[in-house]
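Dropping a structure here in structure tokens format, bear with me for questions.
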């Protein structure tokens, strides 16, 4: 008797959710290659699939290629954690041309960028939390290839942050204190440099951003430039390669948004509604990233951990029925 | 050709070599008299050499002959220990080669033995003169002396003018001359020649054999020569050892091998040999049947009638003087008047060299009614060769 | 349509939820896997903490040399560098055609604004090649001398050649930070196998009779190695060196991911940003360097090994 019951339930539940299925269909979600984005992408996949009946699939992505592809090709459907500052013009244009839709902020506090030093250095010398202290103790931060110089680990070549970090380096006149830009070559190179410094408690000074696994694991202090954030200057000059005379400004919080294609927003209104509500506080994300780091979990496992242990966080994002379906699917994991 | 009584220069005793990971098992079976094939089947070990005993005299060319797989190349590499034996002993001039340390062995190889290889084994990146002087270079002898000595040996093998060529620019025969000069250049007493002429064209090979014989007449080295070619073995060897499946089938002089094969294997081997080319006058010659010492005509005639011979061989104080026919004496005696001296009746002596092949002396023996004297270059009378001797040597199957 | 397809993915999952080792691979418990990963990571971190400084200081001379050599190339006037390179090319190959080709290529590289990066890459490749040769040839010799060494080293070489570079970049960076030294190490790990393999092969392929001849004349092991085996293996070893250089150049882009400056950096940059032309130009500059190295080393090998061929007979 069991088999017919199962079949029946399959048919009935299939019938019940059919409107959502018809709307949503196949959905591709960009899985960026850093942990927070991967976590969010996996959460989205699970909720869209089990809560809204979408045929959701993760595709690898990265800020620039994904953003460009969404504008030009209309895929993937969802970029769950897009650092849109770097793509501002393209996204604005996409929205204006009705190709893209911004669902909301995936990190409600926005992303943090800045120049950082390890916590253990600041514990020993609190002045290192300010740029003046860093400049005064420049000798501490040895250049990896030249003992007579100091090294500032900048954003990897070819990344958008390379321009802003370079401009701020210039504005802060770090060169006058013996600093030189050290190009780590890649995100892995930059993270590796930080990890190496932390294992041996060496001095380190460079660009990084939060929330990230690296900053979750390695406690760092954002260096205060004493200038506050000047969003206007930042937008017009700091982030521009043509900026001739950059001024000192802290990084304004980056807009970290959930962006979807217009076609997805139109065909899956309910699912889009979920994406509009779905957003993480940096504090939550830090906690999650700490857990991910601790357990070396991939996005899928992190998603399971999050959905099982932080119900209070995600339940408000969805309707009761959807929550029930998601929970049922969770129980089957 | 009496066997010298002095101690042999090189002595091999009970030498065995087994290839494989467990030679001792194979050695046990060898002891029990199992054959090479049996041992391979039972133990997976390959017997290379099976209890070899050899004596090699100073100054001789000792040929080790066998087909491929017989173990001859393995054997020659034991003399200078390019291959380590599983069991057995090799003594060279009183030195047990097997007990030498690495350093001693290097010295032994530098001064006692040198080697010529089938495919020449020349250093392709060095010039001809450097190759010839290689042994001296290894010894640490300085360049000018090396060049002087190497140049002289290059002359000796007929390659002067080729000093600055590279081996690849020479023909095979020329390369092997370089190999020979290199081996001679160290003044080692013993020369190992591993199929030294086998890679050469037949014509060049025979030239090289001639050159080796000529050099050996001058140098009197002890040469251990490996070959698979019986003709070559018979031509060069003072003694020949025949090797089959790692076992010695027969050791002996060429004529022994040829005329008295020890077993069916050797017999099958020698069956196709061109005896006319290999056998020499000294092998088939006989003592003269009618030796005249008296110059008196009547006396000589009486002796010849007594021995029923048509021809007599006149000796005076052990020196061979010539041949005289019975008919000539009878005619002289029946003539009236003054009798001439026996000496004046002598026919012009027609002689052959003891080393001449039957092929060469056959026309002479056929062309004369009497057995032809065999006389050395120094005029020493050795014996006589008759048509009958030659023909029977060429046709007989067993000695 | 939906009613006709009750097997939506999530329903399927419910039906398939039955555990079945026949259809799903019996995996290790995730917790155990994590424990293993954590233990290995912690172990490596502890190793890095205890010996990192020591190991880093061992590489200091290499770092000084790298920095010095790069500065030398960068501070030498461009025309002098071209003259020297062209001189070396001619010395090695004796070919005027090759000389002109190299000079024109270098002039074009400079004209397209890639001179500095080319010099940086040239410097690091030169050092990597020298390092690979000085380490690789002795290892190859040891392999050729002992079958046991060969049996141990061969799988290590297989791993070095097939393991994705990113896998060992991370531990190298953890130990030595970013920059030239870890870059050189990564490049050498990737590029050294051919010179080791071909040294081993070259020595093992040396005509057995020639080697026997040298033994028969009482040559010592050293005399055999340097007088016979190495010279005769040289064409093969040269082919190995040639391959090593090519592989080192191929690693330039990967090495730039851990902060090695040079032609790899703009290539990496153009990958991130889809700068097609920038990538193409710098890629072509790498190819040009490769061709110069290749042609020159081959011409050198041919010229020095000519007598081995035995062309001019008689």
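First chain written, first letter: the chains are A, B and C, and each begins at residue 1.
We adopt the following convention: contacts are C-beta pairs under 8 Å (C-beta built on N, C-alpha and C of every residue); 3 or more make two chains touch, one makes a residue touch a chain.
These numbers were taken from a predicted model, which means no experiment stands behind them.
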Task: Examine which chains touch each other and state the graph shape they make (line, ring, star, complete, other).
output: line
- line: With centres defined as CA means, the chain nearest the overall centre is C
Message: Need the CA-centroid distance for the pair chain A / chain B, whole Å please.
response: 93
Query: Using mean CA coordinates as chain centres, what's the chain A-chain C distance in Å?
result: 35
Task: Please report how many Å separate the Cα centroid of chain B from that of chain C, as a whole number.
output: 60
Message: Going by the contact rule already set, what residues in chain A reach two or more other chains?
response: none
- prompt: Hey, which residues of chain C end up touching chain A in the complex?
  reply: 1-3, 5-11, 13-15, 17, 30, 34, 37-38, 41, 45, 48-49, 52-53, 63, 66-67, 166, 169-170, 173-180, 255-261, 265-266, 268-274
Chain A - residues contacting chain C, complex: 6, 10-11, 13-15, 17-18, 21-22, 49-50, 53, 55, 64-65, 68, 144-146, 157-159, 182-186, 188-190, 192-193, 195-197, 199-200, 295-297, 301, 325, 329, 332
Task: State the interface residues of chain C toward chain B in the complex, per the touch definition above.
output: 207, 209-210, 212-220, 223, 227-228, 231-232, 307-314
- request: In the complex, go through chain B and note every residue touching chain C.
  value: 77, 80, 82, 105-111, 113-115, 117-125, 134-135, 137-139, 166-169, 171, 182, 186, 192
